[in-house]
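In the two complexes below, chain A is the common chain; its partner is chain B in one and chain C in the other.
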Partner chain A sequence: MNTFISTLITGTATGAIYALAALGLVIVWRGAGVVNFAQMGQAMFTTYIASNLIASGNSYWLAFVVALISGSLLGMAIDLLIMRPLAHKKSSSSTKTLAATIPVIASLGILAILQALAGVFWAGEERGFPTPVNSFYFKNGTGTLPFSAFNLFVIGVVLTVLLSLSYFFTQTGVGLGMRAAALNPEVARLSGIKVSRMRTLSWAISGAAGSLAGLLITPSTNLSPNSLDLILIVAFTAAVVGGLDSPLGAVIGGLILGIGISLVTTYGSPENVFLAILFLLLAVQLIRPNGILGGKQVRRG
Partner chain B sequence: MVSVDKIWRKSLLKTLTLGLVLFLLSFIFDAYNQGQLALVLMLFIGVLSLTVLTGSSGQISLGQGALMAVGGYSSASVITHLGASIWTGFLVAVFVASVFGLVLGVAAARLSGPYLAGTTLVIALALPSMANRFESVLGGDVGLMIDFGMPPTWISNLIEVGYEQWQLWVSIPIALISLFFVSNLLTSRAGRSWKAVRDDEIGAAVNGIPVARTKVIVFVVSSAVAGLGGALYGLRGLVGPSVYPVSLSLTLLTAAILGGVGSISGAFIGTVIVVFLPDLVSWAISGLAVSEQVTNYLPALLTGVLLLATIILNPAGVMGTRHRSKH
Partner chain C sequence: MKELIVSDLVTDYGHVRALDGISFVASSGEITTVIGANGAGKSTLLRTISGLEKAKSGTISWGDIEITNLAPEEIVRSGIAHVPEGHAVIPTFSVLENIEMGALFRRRKNSSDVKAAISEVLDLFPRLAERVKQSAGSLSGGERQMLAISRALVSRPKLLLLDEPSLGLAPLVVEQIIQTINHLCRSTGLTVLLVEQNANTALAVADHGVLLALGKVASDQSAAAMRADSALRSAYLGY
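Here is the complex of A and B:
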């Protein structure tokens, strides 16, 4: 029984991180119409920055903040330097048939560049990454409780982020402007919303969310140029399961995957995890293509 | 109006010319570059499979390497367990990969754009783990050891053939058959109906083209070609999860984009770039004092930059500009 509860709690904690990464994908998809396959590459890069800061004697929290800021700056840079020029070019390009897939290919190119750069700068060897609080199971007199302080920290941080994001998107002018720009760019532009600025902002928020996910997951995966590739796959699946245009769906999808993967790993075998993910992804797309909470107009591609 | 017969003969002539050039190169190149040229041909078949899919449906697949793995594993299985020849292996690979493509196509024909890209990426990741489930047949983590073998005696009696050269000689006919098949298919009635579906589904349906079936058939043909390429690729020594990683799929995509999606000559040029770029880079920086970690990652960095630059500056690829002017 204790194993089961501990599996559930670990699953919820990792699921919360998947939810965060999935949320990053959803924000850029809603805001800019791009599934950003480079997102966890960006996160890997900023986690390396944090790792270097810590290695040179700075505190975890300074590294944490710097990683988040550089994550949002990296997201903005990608939009301004690559995605925005591509979006403007699309209309004049003769490669009409590829239009929907060009941003996907661009994001794969960015991913390749970030991973190669990380290799050039910081070598290809794996390194560990610290947690801010203890990651051992709590001791309770004679036995151990089935969760650690780090589990609680992760769940707390992700919950805070989710609540503040939902406040931002429902209560603040900028957040509402972003949703309007995503929903109907033409009308939003006519109402005086700077649509392209809103797009850049969604890249920034998503970059920070991805970076946070990277910082929280890396203690359990170690850090290498490719270490977050699997998180991208899981986050993509979570986002599709929840509905690519639904932030709440992304959170639900993330939790489903976190707990599901945790259960498969404990009671099945770890190598079945990918098959389980593939099965879930195909099943959702065949049975309910818009995801659990996705709207009717999800499919843009 | 050029008659169909004439097109057919013209592409046969082109294919045979390419074959002759490659055959002559196999005498000029040293052993290492013979191997590299053979690698170009193997990957070229994989890129061709992507050309079939992307060029005639507008969709990209990030899982083409997984289909190559299907071909590689099925040919390796019949070679190791049943003692079949490599030529039988090729046929089995094409057949099994087609069946696999049919299953995949039925599921994936409904997906598009980023959905298809993401799903195929998961397939590329999940499929190699199948090798562990059927360890007795597929060899688990280690994989199955197979190779090109040595040339039959009637050739080796005639002329001395090195291993790399033999590798190249087996690859040339397989690549030429794929090339001839694909280039004719794309201009045939079937290929033109695929493009009609790509350009305008409703228009195609109105003109009597069965849209759903067409999409599945494109997948079947694409996987058959990928399976053949994968079987050839596996003969380099080992068929295992490490031989068909996700990065193989991305390499194929990069080659296709660099050369120009949908263009067959572009597919060849793109593959040549992707294979020989690392050699070129290490030759270019051999005089400079750079650390090993830079040398290791520089080719990947350059490939990424090339991919991004192509997409931004000239999304039609190297061969794309010439194609456009024809219209």
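Here is the complex of A and C:
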């Protein structure tokens, strides 16, 4: 029983991190129409920044805040320097069907560049990454409780972020403007909303969410230029399972994957994790092609 | 008072020349209607004025400023609101969110006036007031058109561009919407540029008419004169 509860709690904690990464993907997809394969590359990069700050004697919390800020700045820079100029080119290109894939290919390029740069700057050796609180199971007399302070920290942080984002998108003017810009850019512009600014903001929020996911997952994966590749795959699956259009779906998808992977690892074997992910992806695609909470129409471009 | 002056406006739509040298004036506080057959360039004209399409040449001036080829989000700030064709609302938003969207850009400087503007449009369209929490997707076609107009009105425009408000609506609803616009124009001095395929309805309330045919102005005169011109009616309007 203890094993089962422990599996569930660890699964929820990692699931919460996947949910965060998946939410980052959904925000850029909805807000800017781009499937961003560079997201966890950005997160890897900002986690390295945090790691270096800690190594040079700064506190975890300073590194934490700097990583989140650089995550949102990196997201904004990608939009302003790469995606926005590409979008302007797109409209003049005669190959319309290809146009939608251009930013996606660009995001793959950005991923490669970030990984190469990390290798150049930080030699690419694998290193550990600290947790702000104890990651060993709580002691209860002679036995242990089936979760650690870090598990609770992760769940708490992610929950706070999700609630704040939900408040931001539904209750504030800027959130309303971002949703309008995503759903109907033309009506949004006629309403005076600066749509391209809203897109940049989507990239910033998504970048910060990805960075946070990177900071929270890296203690259990270690840090190397490729250490978050796997998280991208899981987060992408979570986003698709939830319906790429739906933020709530991304969160549900993340939790399903986190708990599912945890159960498979404990009761099956770790080698079967990928098989399980693929199975889930296929099953959802067969039964509900638009995801659990996805809209009826698949949006393209 | 401001008037809209369009001179020698040329706009291409894809490879087609949609507007081929359009000139006219929409006088302040009046309803000017732009009529003509499908494909005459009526919608493109409104879309060029509001900045959604780029003009190839010619100028659009609004009062003492030139607005040719400004971005739509700038043009709405100058007091021009465009209600595009097809009941343009966001269906997954609530009625209130759709209305609030139109006032987002002025909520910081003028939050009390934004509240006043929202309650004014809800007074204007009581059917929307009963449904503020409902999603816009659950509204009837007429209510959606009222919502699209409300979204434009909360920006407190001096010039309202209306693209085929009657499209797909029952005659009674059309009458109600047109009369509301007429009342707004007469009571608040709002300038209206009304695009309609249904010339009868439009000319009945308009002060001035501009008839477009294949991207050119075929006739530009008072609405009363247009109503009386049977040769023009049979040549261009088919009745």
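Note that in this section the second predicted complex is superposed on the first by the 299 of 301 C-alpha atoms of A that agree within 3 Å, B and C clash if a C-alpha of one lies under 4 Å from a C-alpha of the other, contacts with A are read in each partner's own complex, and residues count from 1 in each chain.
By definition in this document, contacts are C-beta pairs under 8 Å (C-beta built on N, C-alpha and C of every residue); 3 or more make two chains touch, one makes a residue touch a chain.
Model, not experiment: these values are computed from the prediction.
In the superposition on chain A, A:183 contacts chain C only, with no contact to chain B.
By the touch criterion defined above, A:159 reaches neither chain B nor chain C.
Legend: residue contacts after superposition of the two complexes on their common chain; A:173 is shown touching chain C, with no touch to chain B.
More residues of chain A are touched by B (comparison of chain B with chain C).
Looking at the shared chain after the overlay, A:133 reaches neither chain B nor chain C. Residue contacts after overlaying the shared chain place A:192 against chain C, while chain B stays out of touching range. Comparing which residues of chain A touch chain B with which touch chain C, the overlap is empty. For chain A in complex with chain C, the touching residues are 173, 176-177, 179-180, 183-184, 186-195. Contact residues on chain B toward chain A in their complex (touch as defined above): 54, 58-60, 62, 107, 110-119, 121-123, 125-126, 129-130, 132-133, 198-199, 246, 250, 253-254, 257, 261, 293-294, 296-298, 300-301, 303-305, 307-308, 311-312, 315-316, 320, 324.
Those residues of chain C lying in contact with chain A across their complex are 50-52, 71-73, 76-77, 81-82, 84, 88-90, 92-93, 97, 100-102, 104-107, 151-152, 155. Those residues of chain A that touch chain B in the shared complex are 29, 34-35, 37, 82, 85-86, 89, 93-95, 97-98, 100-102, 104-106, 108-113, 115-117, 119-120, 123-124, 229-230, 233, 236-237, 240, 271-272, 274-275, 277-278, 281-282, 285-286, 289, 299-301.
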